[in-house]
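First, the structure itself, so that you have it in front of you.
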């Protein structure tokens, strides 16, 4: 039943997304007693210029 | 006043979006007593590779 | 497949929620070609003090 | 950096939430190359009367 | 037109919420060219046990 | 700790986004007692055809 929304930077490969959504689903089944059948995981991808941390746009950060 | 966020696959036509947001707004007015005036409906579209069900990425499903 | 999130004030009755989620689901099926089976509608309810419009907290509005 | 929002029914224990958020974080680190440090996982809990599937409010379902 | 959703811990006073939503609205008007009139700000409050950072539930953190 | 999600039309410049996320972060620090360090602001941009107000798709509005 649950719906999980992952907000992260764009740039992951298809293979990463495949493994990630599978692992998150398994975590929900194992630890939250969810049934996999109706469980959805959606990935919202953001460009660097659309995400700020500590008031600094990611496109302006030196450590990324 | 309400805000409705629709998460779905990309690919609907402009005409479908027009009819959909109109119908959802009417449902809110009729059944939730909302005023249409300040009511927003936003559509977030996802690529097949950004949505998994039952741990399987939609791009890998045979039934879509 | 879609997930619809309704953000609105608290206070609707069970009967209103029943009719609302049914109507929104039907709108998705009719106008967006969605299948009802895996379609979820979730209602997030807000207290008046947790929603502002035009910079004014709803608890401070005279017209509500 | 990512933010993960888990929408599910209320009723999980503290121990389940502890294990769930830990496992989801590990999945993000392992499969999406995320750094744990700035990674947030938030749980939004819903009453049965605030979630519908296939147009049926969960409070009205016999199979839950 | 915009909709801003603030996810944070519960516990802010009414006065803080009043000032916060006003300031966020002003930031949108000044920096994003938004009109205040149709602009909504919603606050979603989380208990400590419903939010994890770096895989640690906030209820288990010593530094909060 | 907080996560702020801004849903708005696409079209703002990098400079506007830089100023906007900075101002929203400052509002959170000043009025909600948040620490800037772990505070994220994400911008979700919508095309005119993906946002309706009062049941009218923004692409069909004359006043935009």
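Per-chain numbering from 1; labels A, B, C, D, E and F assigned in written order.
Throughout what follows, a contact is a pair of C-beta atoms (placed from the backbone, for glycine too) under 8 Å apart; a residue touches a chain by one contact, two chains touch by 3 or more.
Because the structure is a prediction, the values reported are computed rather than measured.
Q: Can you list every chain in contact with both chain B and chain F?
A: Chains touching both chain B and chain F: A, E.
Q: Same or different: do the copies chain D and chain F touch each other through matching residue numbers, with over half of them shared?
A: same
Q: Fitting the CA atoms of chain C to chain E, what rotation angle results, rounded to the nearest 5 degrees?
A: My answer is 120 degrees for the C-alpha fit.
Q: Pick from B-F, B-E or D-F: which pair repeats the contacts of A-B, with over half of them the same residue pairs?
A: B-F
Q: If you average the Cα atoms of chain A and of chain C to get two centres, how far apart are those centres in Å?
A: A distance of 24 Å separates the two centres.
Q: How big is the gap, in whole Å, between where the Cα atoms of chain E centre and where those of chain F centre?
A: Here the centre of chain F sits 12 Å away from the centre of chain E.
Q: Express in whole angstrom the distance between the two chain centres, defined as the mean CA positions of chain C and chain F.
A: 21
Q: I need the residues of chain F touching at least two other chains; which ones are they?
A: Only 1, 3, 5, 7, 38, 40, 42, 44, 51, 53 qualify.
Q: What are all the touching pairs of chains?
A: All touching pairs, sorted by chain label, are A-B, A-C, A-D, A-F, B-C, B-E, B-F, C-D, C-E, D-E, D-F, E-F.
Q: Considering the complex alone, what residue numbers of chain C touch chain D?
A: 3, 5, 14, 17-18, 21-22, 25-26, 36-45
Q: Note which residues of chain B are touching chain C in the complex, please.
A: 1-9, 12, 16, 19-20, 23-24, 27-28, 30-34, 38, 51, 53, 58
Q: Please name which positions on chain F make contact with chain D in the complex.
A: Result: residues 1, 3, 38, 40, 42 of chain F touch chain D.
Q: Using the touch definition from the top, list the residues of chain A that touch chain F in their complex.
A: Those in contact with chain F are residues 7, 44, 46, 49-57, 59-60.
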